[in-house]
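See structure below.
Chain naming follows the written order as A, B, C and D, and within any one chain the residues start at number 1.
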């Protein structure tokens, strides 16, 4: 399938590893030039080098925390007019509700809500003027099925979900779409980290913690990052311009609700 | 993007025209062999001929009402082991709630609920055994946003939505996914027919009725059938195996709700 | 709390036992005159006698299957102008998807979709004219969380859910509200029957089957019919006129989804 | 209807005016002792005086911004063991997305998300120990139907919605329920203020702005605060213990979505 976006340019927040990197790789296969971002310079350099080596697209990296104004400015310098934007970032660690405090909230909200929206304020107007834009946020399946141990995560991400939905109504008439992907349990470093949290909390082995993750997914397996990358690329395609304001669950069919 | 389904076989109910035909054309481009279906032999023959002429896939047609057991049997004869199934059919005409009677209900329910499920009973077990299946139903945006003039339509289609969701939970572990697309106002013969209904109901011109359709869509345009065809093809891809039980709205971003 | 409905008249389909009877008892306490209905004459007579004996409201019974036109006519004779209507009826038995056939579908759809709507066609216009109406359907928690063994139930009830939502938009301007209650696992004969089904299916004792029911509810207990009756009465109150098109889950907080 | 809560004690954040005060008045009628709160001392004193004068319950006031730790402490001093809690507060003013900045976000999030949760951290454990608790938040219809001009509001309130849902799953087994009411356009000072905002934005008269509010509601009228107060009281009742994690829309039947 020709996605109709060869030659476009994408800025991908949080794309040096895991799901974000898979999104970058899927876009590179479609001929999209890339600006990658991540906090860890070694990871970022590795992603830039590999993607550049495997394809014919331009790839640059902007290191740093994508929720900060400094990084927003560096991204604007690297790409003043992105056609495609990925909003992605590491989620907070699990925490008991009783243990949450103001500074944990403000950190989580800056990372998952205020930061991404600050970057969108910079790039949405140009997308609307140029009559093309594809914004996709990687959120979490938990926004539809919250669990108190992840309050910081879904508290922030649901806020973003709502704001993006409201914005999507304003900009779709300019061929600018805004969608979210809601992943659950992909086979990335994040799930390895979560397994280690569960080992400690429940006193189980790493293998048991991983088996528990698989058992929680109706598909009987974890998701593969390339699957998410390709779904992301489809949502960024020219022919996805009539799809906006959607929250696509990628959860191995696990969500119980009809909608 | 390589969808990983070249050489697979699909049975598409209600695919001689409009959205169903666009789904067939998108799959043909991916190298999927097709069994098409429609009630009108001339339309069906035209679809078979054109798709066969434009590509290198095998295309056959089974004429008839896809909600009947006779057509289910003919489809099984034509393709005992489909990998991909499209559930699609013409919706009922608008009607005032006060005018509905039992026979209108039974017709609508046979078309949109009982018939499609009868066909699924025949093909789902084989998909599970063979560890690959992609079932997609074309429903309607109204299942999430009902309007009393279309009670026959969403009354039937919501029933199907629920049954498919329940089934999806059982079969996803066999790499069989079941999803729905919820279209709103695509530029097909259906919307031309709806415009003519509105002309009579409101005493407006055809052009006014069409302009009203466009105005009802936040994207400021109707959807194109090829857009839906490609979204369908993506949901049928090998790499969409972690996506199941989803209701993807293709409505130009018009739905008001956050989920 | 004064519900402001003393002296009103209610027709309650399926009210001789269980949840329906509890709804009747709650309305009787508020001074609402009642027309009860059930298929079993002894149960119905018992309900009429007890409610009449305990209060000062008028109570009559109409025996028969509330999905039939004959019973609709008898109900209209008993009460041509109801202010309040309960739509309730026994759900179908569990069945494997593979075992469903057309006649099982038509029976289920007549009971849970076509029958109730036929009765509504008779009474809604009068409610609109008189500028007061409260319609409440007892549906099932499964309409938001379907399970394939209950396809007949949620396939029918979701259809009703959609039609009622569409209708609610038309009539709320006349102070006629339409809402649903979605119960899960109330301590009635229905759950005793479901426990016996589970005993056979899983080879467990009755006590084990009942314990499983309790364990499936986050509240750690089954619901009490009187709780549902009072929630129903509240939705029928004068002061609930701004609440319409709602699906109130009474499930001991068990639903996973945020909406 | 006897709500079974006479003699209980409630703490109501943001209850000196409007919807919050109506909640207080409904509880007072049920014999619940009250701790009221508001930022404006004159309004608060008025509310305390009137409610105390009209009933036989104990009423005290705690003045101040309910999102601050100082006020949380004062509320704990006034009532260490509340049985019932209302989470309510003034929403932010409308603002264009382009104009939002970090400090506007942090203010809104403190008011609508972090502040209320900080208070809940103090009172939930006691409710669980005592095996009774009713927490209700007054949110906004916009959490299900976002509009970009109110991003600060639904961005914050959706976050709260998610966190409360997650928490509700943990505490319902202790007979502690957590629900939200989602109001749209009640006839309070808030809508008068919104009408004045619209006057300026659209250059219309106050009467036109008010008429627009009414026209936006399918019921053809604004809601009355007493209606919301009574719904709140019902959700706080003893017999509402099986209802938790719900988002009850009070919007005159205006929401388009089926769920």
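In this text, a contact is a pair of C-beta atoms (placed from the backbone, for glycine too) under 8 Å apart; a residue touches a chain by one contact, two chains touch by 3 or more.
Just so it is clear, the structure is predicted and the values come from calculations on it, not from any experiment.
Enquirer: Please state whether A-D or A-C has more C-beta contact pairs across its interface.
Expert: So, comparing the two chain pairs, more contacts are at A-D.
Enquirer: Using C-alpha centroids, which chain lies at the maximum separation from chain C?
Expert: A
Enquirer: So how far apart, in whole Å, are chain A and chain D when each is placed at the average of its C-alpha atoms?
Expert: So the centroids are 33 Å from each other.
Enquirer: For chain A and chain C, let me know how many angstrom lie between their CA-based centres, rounded off.
Expert: Between these chains, centre-to-centre, one finds 43 Å.
Enquirer: Which positions in chain A are in touch with at least two other chains?
Expert: Those would be 143-144, 146, 158, 161-162, 165, 169, 255-256, 258-259.
Enquirer: Have a look at which chains touch which and call the overall pattern line, ring, star, complete or other.
Expert: It is complete, because no pair of chains fails to touch.
Enquirer: Residues of chain A touching chain B in their complex?
Expert: So the residues of chain A touching chain B come out as 1, 3, 26, 29-30, 144, 161-162, 165, 168-169, 172-173, 175, 177, 218-220, 223-224, 226-228, 230-231, 233-234, 237, 239-253, 255-256, 258-259.
Enquirer: Could you list, by residue number, the parts of chain D that touch chain A in their complex?
Expert: Spelled out, the residues of chain D in touch with chain A are 97-98, 100, 102, 105-106, 109, 113-114, 117-118, 121, 124-125, 142-143, 146-151, 154-163, 165-167, 169-170, 258-259.
Enquirer: Enumerate the contact residues on chain B facing chain D in the complex.
Expert: 143-146, 158, 255-259
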